[in-house]
Amino acid sequence: MDALLQDIVRQCRPYGALGKVANYIPELSKADPDKLGLCLIDSEGSMHCAGDWQDYFTMQSVIKTLILLLALMDSGIGRVRSLVGVEATGKPFDTFNYSDQALTGANINPMVNTGAIALCTLIHGETYGEKFRRLLELTRYLSGDDTLEVDEAVYRSEKATGNKNRALAYMLKAYGMVSDDADEILECYFRACSIKANCAALARIALVFAHHGRDVTTGEQRFAPIYARYVNATLMTCGMYDGSGEFALRGGFPAKSGVGGGIMGVVPGRMGIGVFAPALDKKGNSLAGVNALELLSEALELSVF
Amino acid sequence: MDALLQDIVRQCRPYGALGKVANYIPELSKADPDKLGLCLIDSEGSMHCAGDWQDYFTMQSVIKTLILLLALMDSGIGRVRSLVGVEATGKPFDTFNYSDQALTGANINPMVNTGAIALCTLIHGETYGEKFRRLLELTRYLSGDDTLEVDEAVYRSEKATGNKNRALAYMLKAYGMVSDDADEILECYFRACSIKANCAALARIALVFAHHGRDVTTGEQRFAPIYARYVNATLMTCGMYDGSGEFALRGGFPAKSGVGGGIMGVVPGRMGIGVFAPALDKKGNSLAGVNALELLSEALELSVF
Amino acid sequence: MDALLQDIVRQCRPYGALGKVANYIPELSKADPDKLGLCLIDSEGSMHCAGDWQDYFTMQSVIKTLILLLALMDSGIGRVRSLVGVEATGKPFDTFNYSDQALTGANINPMVNTGAIALCTLIHGETYGEKFRRLLELTRYLSGDDTLEVDEAVYRSEKATGNKNRALAYMLKAYGMVSDDADEILECYFRACSIKANCAALARIALVFAHHGRDVTTGEQRFAPIYARYVNATLMTCGMYDGSGEFALRGGFPAKSGVGGGIMGVVPGRMGIGVFAPALDKKGNSLAGVNALELLSEALELSVF
Amino acid sequence: MDALLQDIVRQCRPYGALGKVANYIPELSKADPDKLGLCLIDSEGSMHCAGDWQDYFTMQSVIKTLILLLALMDSGIGRVRSLVGVEATGKPFDTFNYSDQALTGANINPMVNTGAIALCTLIHGETYGEKFRRLLELTRYLSGDDTLEVDEAVYRSEKATGNKNRALAYMLKAYGMVSDDADEILECYFRACSIKANCAALARIALVFAHHGRDVTTGEQRFAPIYARYVNATLMTCGMYDGSGEFALRGGFPAKSGVGGGIMGVVPGRMGIGVFAPALDKKGNSLAGVNALELLSEALELSVF
């Protein structure tokens, strides 16, 4: 297995030169496009790693997975589902192109920015500071990594350049989908996107989803199985932006990417995977990361199809 | 002439019951739907009025006419034209439905909110407070009414509920079309929309546009003729929201409406008209106002076609 | 006047090299991009010409003007207006991008292909062959040119490559806006687009519109003034495709262009103009033609604004 | 197992009254909304049925599954993938709303009409008659039901009312995506949609997909495993129209619905399912059918997530 992972890393590292590090958040553009890390944990809890798997990067959209989970845990499926739909939009993740001005929950999903921003309001907490702290705690808890923290430089960069997200938040307010202060919601969202993790952390979080909320080492049920299925299904249809259909073909399992270069892969009943490679394809998915997951899927027959 | 105007007011007043007073700005919903005022000033400066022509109301989108004019006077046609296009959008005035995320100047015009907000940045002034004061002064100057002021209650109401405009302003920032602080730009824009005027004031402003910047009573040239033509042409194709095509048929001259119920009509070379009736049709144009202008156009052959 | 026209032709001929002859209809791509003709007829019936004003070209979208007129004459304003709206779409002339599948009359106008195809059904005639013959006769009658005929090669080329128009016609059927056989309607439409005219013919047609249906030489009223106003207003807001707003600024009078390179200009109460120059700008308007009309408008103060 | 299926049928039959039988194809509107059939075949080939599982109905969009398969078998993944993409569109299955007129393969998928029509061109055959016969033979072969035939009345009804599909076919031609005669392609497509099947036939086809092309009873490999994965993945993300995301949550396995009321469910490695209930929800999926599959999924833990 270790040889396989190292082989995959070796084969896929050259993709770094073909992709493009995210530059709309200036701080992200400093990433090294040649980085590639891979970490896999199986049902027995055995971890296999290769490449730059210990490097930390900001989770960016990967955190949408946990925003959705925490909203489900705090507010239940009914409220989550009525606020934010579950259909792929056929559009880029940060689109504001809603026809006939009809922005409704049915037209967004938890994996596009609009949906994730809206779901922040369903996380419990007196203040958005508290909501964020609870999200960070959940991330640490599921990843088993207590050192996870916000990358302050990336956070400031997100905040400084996050005008499209501000536009989306005010659209949500304009259509009565959220009522809280836009700046406070965004503060929580920008901080969430800026949480640093590494491949091992993503793999451990993914492993819990893969086992429907159960920790395979302790046997402890960390959250309801139904929430895991909700998240996994959503990742399958919407997790890889408007490249989710292609990833269903190439990878064949639920996954969530972020423009920081991370991808969290959930193989139901079998394993959790974390990948990191900051150079992205045109849709915002890690180019080397997707290719690595495709090779891994072929080698280990990970496709659920 | 006075008999004609009174007859028109009498005929059109019942439309108040068929339209709907704007309610997305709570303060506007207090307007009396039965109000109808009409004022007309001809090339000799003779003024004819009927109905509630002395009533004050907030200009709302009518002020877009003067935002465009002042941007032209301060920054010139080149800069105005490159920031904001001149084509009808085929969409509601407050749309954020820009396909493929491609918000460019070519896809907006000075008479939709996005365009008017953008043009505020081309008005001269150290601060947005100063920009606004210069706009208010221009409005007073052209209307000959020094008492024009902001309706503070409406302004606060606009500001409190202006989330769609906030979304539009942040979209402009996200696409690099404006760089100033969104809140400051909007402060100027919300105040501008809240300037109170009456039919006489609108008619006097319109009269100057009708005579290409020249004051017919003093002979003074108040702004360059080319700016008047720019504004008049833009009103013709975009002034009545996505009902501009229909008004070209029914009225046949440049006009600008506002959700406060006012319409400013410019009959090139002939007259300036102000109408006020707060109940609106589905597109946001004063229902009784449009009907009054149609009757007036037929009676006096005002169509330029 | 003749010197002015010749000067304008000399100044504008170089634009031929900057535009692009239409090539989506193969036969049109054979046009000579250096051609430029100009013809103007005033209220006294005096004709002034310059350049290639005698050259024949296919009317293409210019014929939409007469399709609308004949539909109005045959079926009245009520039926025309309820089938096809009058608002600019903000989209290219051959778009099929109708949001939420809601193709309704309100979202199209007589100057986009969808609208013009729909209006063919309102022309009287037992068969579409007869409808077309009546349209051709009207074109000959208004232009005073009995030699006007279909360019058979262009017609066959249009028919062979007119798949987008076929798509639009079937959309109209799918939404219940037309019920006749799509092929027959299109036969009429393709033939209409392929009628050859020259600048003199366009100028004479325009002159009748400019005088509200009256023939200035004979004094005869050829059609109701209200139909002329309907057409003129529609040309102002929609006649130059999604460049109508810009032409309102630069030319300032109703005009209709075609991808054959012709433009018909209507200056209400004053003159009719025909221009021809086959190299087009990006929106499908004759590049040299628009520039020639702009110069003419400045020199003779033709803007209605 | 049989008790379970009967219980599900009993529980779900009332949904027939809440949905709506398809009426845009007149012949389909004659279906009995109270019908509900269910058939399930497991990996050992054991078949379990309940309700109206022997009733025949037209496959409609369910046949898109086999159009895709046959295009893959005949032309390979490369050509299929380059002609038609794999991303959910976020739009209804028969939309022609393509922004900026940019209809490209990347914006469609094999499960929307435009994509399925395009894929007909990749099926081998000298004529479209032959292409269709090969498709019908494949359908009979995989279903093991040699009696499958076209429902001629439905076919004629589809053809008579298929104007939206004609519009889509001409769009494909206009954008150079297909070059064959539109009427011939549609003849094949309309016939394909009109093939009658019953729940047992759908379940047997699904079973082959569930076992990656292998016939579990004979062990014979009927088509390449990679094509099964391609189809299954596409069904997961796009098979239930713009309700695919919701079905991923509720059912959790690849499935394809048709407006005839049929749904084919593929549970990879485990079973094939056929359901039939003609009353549809707003997105065009069988209402009782989806509910039945949800109950079945819960009872047998069929979700792949």
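Remarks
When the chains are written out, they are named A, B, C and D in that same order, and each has its own residue count from 1.
Please note the rule applied: a residue touches a chain if its C-beta (ideal position, glycine included) is under 8 Å from a C-beta of that chain, and two chains touch if they have at least 3 such contacts.
Please read these numbers as outputs of a predicted model, since none were measured by experiment.
By number of C-beta pairs in contact, B-C leads over the other of B-C and C-D.
By the residue-number overlap criterion, the interface of subunit A with subunit D counts as same, with over half of its numbers used by both chains. Chain centres here are means of the Cα atoms, and by that rule the chain farthest away from subunit D is B. Averaged Cα coordinates give subunit A a centre that lies 54 Å from the centre of subunit C.
Subunit B and subunit C have Cα centroids separated by 32 Å.
If you average the CA atoms of subunit C and of subunit D, the two centres end up 46 Å from each other.
Shown for subunit C are the residues that touch two or more other chains, namely 97, 99-100. Only residues 92, 94-101, 163-164, 166-171, 173-174, 182 of subunit C touch subunit D when the two sit together in their complex. Of all residues in subunit B, only 85-91, 97, 99, 107, 109, 228-230, 232-234, 236-238, 242-246, 248-249, 252, 254, 268, 303-305 touch subunit C in the complex they form.
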